[in-house]
Amino acid sequence: MVMSMKQASREKGRPLPSSLFAAILYVVMFVIYSINAPSAITLGGITDLLNNTIVLAIASAGLTLIILAAELDLSSVGVIAVSNVLVATVSTKMPAGTIGSLLLVCLVGLLVGLVNGWLVAFLGLQSLACTLGTMIMCQGIALVILDAPGGEVAAFIMNRLTDTVFGMIPVAGLILAMVVLAWLLFRRTRFGIAIYAVGTDAVASHLTGIDVKGTKLRVFALAGVAYGLAGYLLSAQTGTGDPRVSNSFLLYVFAAVAIGGTSLGGGRGGVIGSVIGAAILTVMQKLLFAVGVADFYTNIFSGLIMVVAILFGNLSAILTLHQRMPLTRHGDHGYSAQ
Amino acid sequence: MVKANVSSLTPILQATGVHKRYGATVALDDLCFSLYPGEVCGLLGENGAGKSTLVKILSGIVVPDAGEIALEGQAYQPHNIVDARTRGVSTAFQELSLIPTLSIAANLFLPKPKVNAIGLVTIRAIEELTETILKQYAVFDVSPSTLVGDLSLGLRQRIEIVRAMLREPRVLLLDEPTAAIADREWLFGLIESLLARGTAILYITHRLDEVRRLCKRCVILRNGRKVLDAALEDMTDDQIFSKMAGRSVVETYPIRESNIDEAAPPVLAAHKASAAGVNDVTFRLRRGEILGLAALEGQGQSSLFRVLAGLVPLKGGSIEVNGEPVRLRSARSARATGIILVPEERKTEGIFNDLSTAANISIPIINRAARFNFIRNRKERQMVERGASRVDLNSRYLWPNINALSGGNQQKAMLARSLLANPKCLLLFDPTRGVDVGTKQIIYQVIRKFAREGGAAVFYSTELDELVHLCDRCLVMYRNAIVAEVRQEELTPHLLLSLAAGHKIDAYGTA
Amino acid sequence: MNMRKFQWLIPIAVGCTLMAVANQMDAQGAKKYKVFLDMSYSGNIWQAAAANGIKALATTPPYDKLIEFKTIISGTDVQKQISDIQSMIAAGANAIIIYPLSPTALNRVIRQATDRKVLVFTYDSTVTEPSAYNVSNITARYGANTAQWMVNKLGGKGEIIFNHGVAGTAVTKTYDEQAYHIFHNYPGIKIVGDFYGNWNDSISEAEVSKILAAHPNVDGIWTVDGTYGSLQAVLKNRPSRLVVIAGQSNNGYRLMMADPAMQAKGLQGISSSAGPAVGGYAFKVMMEVLLDKKKLNGHNVEYPLPWVEAKDIKACAGDRFENGCNVFPDGKVPPLFLDTALDPNFLPELSLDAVQTGNPTPAATIQPLPDVKYADNLPGINCQDCKAPADALEPNLVTPIPVPK
Amino acid sequence: MENTASPKVRFTVSALRPETITALLVLLATVLMMLIMKALNPTFGSLEQIAAILTTSIFLVVASYGQGLVILLGGIDLSIGVVMSIGGMIIAGLTNGSNQALVWAIPVTVLSCIAIGLVNGLGVAFLKVPPFIMTLAVATAAFGVALGLTAGSSQRTVAPALQQLMSARISGIPIPILLIGCFLIGGSLLQSRTAEGRKLYAIGSNLAAARIVGLPIEALTVAAYGMSGLCASVAGMLLAGYSSGATLDMGDPYLMPSIAAVVIGGASVTGGKGNYLGTFAGAVFLSALSTIITVLSLSQGWRNIIQGGIIVIALTLQTKQWYLQKMANRRLTGQGSPNRALSQNSKV
């Protein structure tokens, strides 16, 4: 007696991605910004905005991968500092300095990522604590390489990467598009799916045959490469090396990921959300300036806007929750555990 | 279903002298046994007897300290799941190994879903493939793109079993496969088709009726040692239990003398209550009564329990406690009126695994053991030991972390915690799931004693004979509504199963 | 939870206030020069006093009617400072005065500004961009002069503690080079402990007290900001014998320097290094250039090194530094107050209240500045491919004593 | 069921819970570091220096108590640095050098800092804003407000009584060390021996179960963040007393170390584990570490490299210790729990 359980077969639609609401908020903020500062929508304005966003966006993209695997990582500012000072000291001296220094910083990022990954996955250290240690070490290494701001970045990196291509497409915009495209593809690779699995339930992943330790190691390594790339692009922005990347940048990398809708508990969210989160934090500065907010009001409004961005994200979670409820017959986990 | 005739040819899997210890505790001690192709071999034993450890060794999760295992003649030492699978051994785990945030299709084909030329998982292709597989394994009306997290517990268990069978294994390990499934015939049908293809199956369960029906031969473990490896026909249930428990334990149910207090207002009553997953539920629960609830998986019984426990807001109708309507805004307000829930999944909703067992038990009423909010250890210890003695939990389990205890002992601690909050009405959601026979007995006695002393209980179970023997009255839920009410005299497992499957029998239709 | 229902209210409310603030700001926009102050991190006393001085000057007649002034805080993130400067250019700034976070990172954006005829001045720390004007004290050899002064007082030998300030900054690197160069000339001088006090008095006090516990007979402390804290550590842990100390201009420090009781216990101090007044001075120079009252033929202006020894200290009666007084009596200002926030000859318009709150001094008007002194080149600090003068590491205010045998 | 062991014996073993063992190990590591440094250079490690290390660690010890409570709930508090600075600025502003004003100035300071903490708690508990963002946003906004009110630097001196408190000694022992002792005892009792403290552990360990058991989750979350504000205000007042003046950035160097102290002390970042003795041990360890590195008189680069390296090594030693503890658990119950053997540190 085959039990036929009539269950409304749900149509293909996934619940609304939370990054959609972050995108809506970004558009609203950009509109207010461009109303008050007409130069916002000029090519130069957009190029400058993208150049200011790119470093935070790529660093938070790297961090997103780690948070999806239910781990945390503070070493981003450390790797960015090391990459920045390396580019400033090496890029003009090496043959083919531009490409050579890019490979070098990605290698350095990979190395630090592997060390972090090994400490967390194989030695079983708590990721927040051990990456705090590696962050301080990297900051030390940056100071040893270059004990004060200076050095010189190859002209190509400094001018071409922050300029536009074919006269109308900002290079930073191209790079961001490539990162988003890479993520869309990456998410559907086995490694991408494994990251979500490990982030949701490490024991179940282990029982499913996923190499949990290997996945975590590779996630830290990949994030390290992203941080190296972010450091490289910071060198393009500043055209110089500065061993002291500020701690406030570290907090904003985490803020970008959270505003983008990725849950800090792991298993839910994505890089696109974090890139939008980074864009929100960057346009916030421009918006506040254009609207005429100055002096200490900037801090007050920045704090307010960050909370508002999250409430927008929560709004999306509530709506998606309702949207899913009537469709599935057994909403047996009606209450949200978190 | 005719038992497969075991030909006396060479065994497909042979384990000799398998030994495994965790620190001082011996999980498996010098175990020798073999599996024959085309045979279902039962594996019985109390919790902690080593069943799960054996499964983990055979499926490559754990490496034995000593001993050899031969599979089809060659040495077999898998060091992870994928090794085991390539050698033709696959497992359906008791602790479901599915990823809730991924779709059914993704889960079926992890860790290596099919990829196209540039390494991308072909989502559409594997979903179509899943569609055919689900049809082939008679799991209907669920789309392959549904997230596993949205499925009911029973459906998740079916997907786990399908995934294990999917890879045409030579050896299939089934660890408590029917824990959350009510329709067991579905599983027996699949097992029959696998046996025809010569697969060897190791079947781990607590349910004797299943072992008798499927297995000709059975291995019983106690404290890591094999105490029996023989056919079951000539053994009675009691002999099997005494072999398992090492003491004579009769799976009988406490004799039921109901003292239902008709006069007093019902302890708990729902009038046309409806909420997310519950439509127009009306019932009455009187003092001293144990009200059973029968339902196939995913019929809204979980939502009903959450509504009564105040975890899900009521959308329509009303709930009365002792006759007066009451608004259950949160679990706190429900508990204040005396309604205590023993939660469905111990691991995620029950135990605080960073705390000691004593702390787990005393947490709801810790303030009673404190003066000016400072906990007096002596008072807490007395309280906890009083609670532990009511569920027969040995006091040496009280002090280590609760996650070091076996499933049965953890469930006893949950029960002790609920009883300590001196409930008027206990909501028990499948309290005996994944628990050994000894603990089950204790749980039955505790519920009976609670009812005798004037408490009221709502008791949902996937094991129909528990409902038949324990409950004074039994409701049946089907598609989020109560469709039938059966008085104690007419209670039989088959009646409940047919009602639960949706057959209308007007003699038992509710008003 | 019913709170959920109100959640959507909050984003709408914030949106409206933002719009309201916007329109109110743009209402009064008569033809005025647009002048922006881009300060970095405003948490410590030095930055606050400098910014308040500039704000007070910007609202002192006649400037209050000539310019539309706005302050932007860029924090410690060089990326944010780049973005803020770009916003100022877009907002049609005529002149921008900046506390740059890095000598080289802002060059590209400053070039963007100067290409659009925007006047760019920096105060206290410098940039290597040739089109910008640097007004700073970094070339006045604070490191060399104070180190030499200390060596002279110590007679060429003794144990000293070295407080670097903030690691990885151009000013720390410059002063460290000069001071170590002087100290290494005298083998008798031994640096028994050095730390990075981050220009912060409580960190300096904690670190000095820990080093003092290990080296009880330290003779001197060379320090940058954090002087008062360093001296407090000695006062609390070894009140019997004080030290020779070279440092900055906290009011409490100057009072102790002049206190005969402290001098009897061996306290000899020098109060030097540029204070927040550099900000005000740079602003006035910029305004005079903006209003074509002054022509600068060099890009690096040097703010003269304040040099106050114990004997020159004179308490002030009122709210201003006038007729030679250079410290406020105890209790009028907190001990950490920086006396070099006021400058009687360059910034007569500033009073104590102006520096503490940023309000203009009543009935004060902007006074013209005397001629500027141009700074020498420091490669990588205030100029790119240029050569530093040969005696860049030598003191120019203090004559060195011979090296004792 | 036979009762194999008398409750008394069993009870003592449970007193040595894993967190206590971790704390003692971290303290041992601190002593070891000091001894090695003393061997290397004899002037190091005098009684005077140890007193100096303890005295200067009071700010971190006090501030990280609040951080520890919040992390116990599985949250984090990034507003500690700013709240410390604000506490210092308010006490300096209100007392302006007069001791009498202390009587009402201290309550006002503590209350305003608690208010900031409560705003954090309300945002996290009711608006469901992730703790990371809520405390960062409140810190940024509060800094802006403080900047507006004080134009950046405190114009007034702190009451002399507060300054003496930080520098005076009672029978040879510096007062801050006595304060640390009281804080340690009071804090440990509050966290580990009270009913509300036990509920914090439960909520941090399993939120869903806590909701079913009916624990006052929202109330305790708000209280924990309020407590964190209180500790930050006390630390801020002590810091203002110590350096006899207050600036808006004096609290910043204590934010990251407050998180490090809690985690090195054995607490789990996902909540449910860790006690105040561990956090205290972490704070003293970091204070001693910075002193040792100062004495090495290396460039800041090498100092960071050594400091980062030692933190990682300390964590590795600590993790090995967890494995021993797991074995101890098994011996006690004579019961293997196979499914736990799977993954060592997953929170399942």
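Order as written gives the chain letters A, B, C and D; numbering starts at 1 within each chain.
Operating definition for what follows: a contact is a pair of C-beta atoms (placed from the backbone, for glycine too) under 8 Å apart; a residue touches a chain by one contact, two chains touch by 3 or more.
Given the structure is predicted, the values throughout are model-derived calculations rather than measurements.
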Starting at chain A, fewest touch steps before arriving at chain B: 1
Centroid comparison with chain A (C-alpha atoms), farthest chain: B
Centroid spacing, where centroids are CA-atom means, of chain A and chain C in whole angstrom: 36
Whole-Å separation of chain centres (CA-atom averages), chain B against chain D: 42
Centroid spacing, where centroids are CA-atom means, of chain B and chain C in whole angstrom: 71
Mean-CA-position distance for chain D and chain A (Å): 29
Interface hub residues of chain C, defined as touching at least two other chains: 7, 42, 73, 167-168
Set of chain A residues in contact with two or more other chains: 143, 147, 201, 203, 206-207, 243, 247, 295-296, 298-299, 301, 304, 307, 311, 314, 335, 337
Multi-partner residues of chain D (at least 2 other chains): 127, 143, 147, 208, 211, 268, 299-301, 339, 342, 348
Chains touching one another, given as label pairs in label order: A-B, A-C, A-D, B-D, C-D
Interfacial residue positions of chain D with respect to chain C in the complex: 43-44, 46, 48-49, 51-53, 55-56, 85, 92, 97, 126-127, 143, 147, 151-157, 167, 239, 242-245, 247-250, 252-253, 291, 294-295, 297, 299-301
Complex interface listing, chain B residues touching chain A: 61, 80-82, 85, 93, 95-102, 106-107, 110-113, 115, 118-121, 123, 138, 140-143, 145-146, 149-152, 183, 185-186, 275-277, 296, 298, 300, 302-303, 306, 311-312, 348, 479-480, 501
Of chain C, residues touching chain A in the complex: 4, 7-8, 10-11, 14-15, 18-19, 21-22, 24-26, 42, 70-73, 75-80, 82-84, 86-88, 90-91, 102-108, 166-170, 172-173, 380
Contact set on chain A toward chain C in their complex: 25, 28, 32, 36-37, 39-40, 45, 48, 52, 55-56, 143, 147-151, 158, 162, 234, 237-240, 242-244, 246-249, 252, 282, 285-287, 289-296, 298-299, 301, 304-305, 307-308, 311-312, 314-315, 318
Chain D - residues contacting chain B, complex: 1-5, 7, 10-11, 13-14, 17, 189, 193-196, 198-199, 201-202, 204-206, 208-216, 268, 272-273, 326-327, 329-342, 347-348
